[in-house]
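Shared between the two complexes below is subunit A, which has subunit B as its partner in the first and subunit C in the second.
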Partner chain A sequence: MPKWFTPAAAICGLMFAVAPVLIANAPYESTMGLVQKIFYVHLPSAWMFLLAAIICGVASVRFLFRGDPRQDRLAWAAAELVVLFGVVTLVTGPLWARKAWGVWWQWDVRLTASLMGWMVAVAYLLLRRYGGPGSDKLAAGLALFGMANVPFVYISVNYWRTIHPTTNVVPTLPASFGLPLWFSAVTFLLLFVLLLRVRVRLEEQRARLDALYLSMDA
Partner chain B sequence: MFARVVWLILRKDFTVEVRSLEIAYTTLFFAISCVLVFAFALVQEGRAPEGGAAGILWIAIAFAGTLALGRTFERERQSETLRALLLAPAARPAVYVGKLLGIVALLTAAEIVLVPLVALLFQAPLLGRPFWLAVILLTGTVGFAAVGTLFAAMLVRARSRDVLLPVLLYPITVPVIIAGVRATAALLQPEVDAGIIRFWLALLVCFDVVFVTLALWTFEPLMTD
Partner chain C sequence: MKLLAALLVLVGLCAAVTAPALEAQQPSQPQQQDEFVPIDELPPQDQLPAAPLLVAAYSFVVLALFAYVLSVARRLGGVQRELERFEAELKRSGRT
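Our next item is the complex of A and B:
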């Protein structure tokens, strides 16, 4: 593990301990009240969800055209984080929606596109797990299509008339709401980087182990 | 040169298929059984559920399409002809386009049977505006087949490919299916709103462009060992 890992993990843990205090002290939103506080978890995890999908796609393209196995390991690790942060997003979203919109789920463009992006990541992992030899390239192709979905998720709310809040909300946020949000976002980003590093390392060790086995046979 | 390779591959697939008609018959029968299962499940006391026809038509196309895609490439795998095809001194994208057109032609044939069947069983005025329906079906089929051809070709070498094809294909093509269903449903309304149809058609064309471009771009590296 790199030297920065342990201190970064400690800082991340500390920030996760402080974040609830900041969120609790943030003012209540006038119409939604307490339930609006899910926002501080929902939005950062959704950002990480999209970030992971982009990393997975970009790494896959580089693997596909340059054949660098490190990019492949990065793509695999990122795909698992798409699924993880996707679950957080897709669970916190309906919890909020139940209070704010009165329904758990709505077949709105952004919700549908997010669910599809999450399903593509699950399909990616299934392919890696059960596809057998050669599935790394196939999975890279799939990840590329998954990445094409990301801008669609992001811009969809601005072009369709949907009930999901648009991307204009964050830049116009007053500081009392913005501070806990950005703190939470940085916390999630740190967690994201740490998890990605751990997962890539696991794949590196596996690759080294495979190489050792092969050299023993030879 | 490109067009010639596309044409040769299309003609080869057509010749092979005409000899046995295996894929055409099985796909068609499967699509018809699919619609019948929906009819048994959903039509009660002679009354079809409102607005169900568009969805059922597209589900039948998607299911039959998956089957046809799997079979088309299984045939190439069994006799190792896909390898021969890739060894040929022809541009890989041309091979892809040839295969894609073959699948689109097959699915179009299936749709010619499916549309009247769904119209009959679900009492939907599907044939009221044949031109618009044909445009919607064609753009939707191209989008679905563009991804399907790429993935089916990739999966030829993978383990458990039969299960993996739908698993990979459906999440990616759901936008196409949604747009196709919405456009078809708009066509079935008593008062057709041309704006809505045009909107979903534009979306379908966008998906077609994105999917075909991505597939042409990645077919070469994906099919190289």
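Our next item is the complex of A and C:
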């Protein structure tokens, strides 16, 4: 593991300990009250979900055009994080919506596109696990669809009718709401980087083991 | 002419029979509100407390992240052990 990993993990742990204090001290939103505090984990996990989908897509493109196995390992690691942060987003969202909107789910563009993006990542992982030889390139193609879906998820709330808040909410947040949000977002980003590094390390070790097995057979 | 009269009678009869049924199907007007009811006085099935939803959301985040970290650590440990065992075996057989 790189030298920065352990200090970064310690900082991340510390930030995860401080974040609940900031969130608890944040004011209640006027119409939603207590349940709005789900926002501080829902939004950062949604950002990580989209970031992971972009990393998976870009790494897949580079793998398809250059055939670099390191990019393939990065794409695989990122696809797992799409599933992880996607499931966090898709579970915390409905828990918030139940109280704020009165329904668990709405088939609007943002929610549906998010679910689709998550399902693409699940399909990617299933393909890598059970697809057999050649599944790496097929899965890379699938990751492109996952990445192409990201702008739809992001801008959909501004163009289609929905009860989901628009993208204008975050830039106009008062500091009392903004500070815990950005702190939480940085914490999630740090965790994301650490998890991605560990997951890539797992693939590197697997590749090393495979190379050893092949050298044994030769 | 007789046919027209019969038709008119028939239409009249139909209207007489279906009118009460249609009237019964009309959505009833919501009752005018003449008082505000505090939320804690609502019947339990109409109240939706936020705390359990908030606790569920945060618990899910912690559990999901913890489960993933545990899963990656377990998989990495397994591969690392197999790698060490394999390398030791290769060293013993003098192939490296």
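Operating definition for what follows: the second predicted complex is superposed on the first by the 218 of 218 C-alpha atoms of A that agree within 3 Å, B and C clash if a C-alpha of one lies under 4 Å from a C-alpha of the other, contacts with A are read in each partner's own complex, and residues count from 1 in each chain.
Just so it is clear, a contact is a pair of C-beta atoms (placed from the backbone, for glycine too) under 8 Å apart; a residue touches a chain by one contact, two chains touch by 3 or more.
What you see is a predicted model; the values in this text were computed from it and never measured.
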### Message
For A:P2 in the superposed arrangement: first (subunit B), second (subunit C), both or neither?
### Response
neither
### Message
Going by the contact rule set out at the top, does A:L127 touch subunit B (first), subunit C (second), both, or neither?
### Response
first
### Query
What is the contact status of A:L64 with respect to subunit B (first) and subunit C (second): first, second, both, or neither?
first
### Task
Scan A:T112 for contacts with subunit B and subunit C and give back first, second, both or neither.
first
### Task
State whether A:G141 touches subunit B only (first), subunit C only (second), both chains, or neither.
first
### Message
Touch test for A:H42: subunit B only (first), subunit C only (second), both, or neither?
### Response
second
### Query
Of all the subunit A residues, which ones make contact with subunit B and with subunit C?
none
### Query
For subunit A, which residues are in contact with subunit B within the complex?
64-65, 112-113, 116, 119-120, 122-123, 126-127, 130-135, 137-138, 140-142, 144-146, 148, 152
### Task
Would you mind writing out the residues of subunit A in touch with subunit C in their complex?
33-35, 37-38, 41-42, 45, 80, 84, 87-88, 91-92, 95-96, 98-99, 191, 195, 198-199, 201-202, 205-206, 208-209, 212-213, 215-216
## Note on the structure
Contacts from subunit B onto subunit A in the complex sit at residues 147, 150-151, 154-155, 157-160, 163-164, 167-168, 170-172, 174-175, 178, 210-211, 214, 218, 221-222, 225
### Query
Residues of subunit C touching subunit A in their complex?
48, 50-51, 53-54, 56-58, 60-61, 64-65, 68-69, 72-73, 75-76, 79-80, 82-83, 86-87, 90, 95
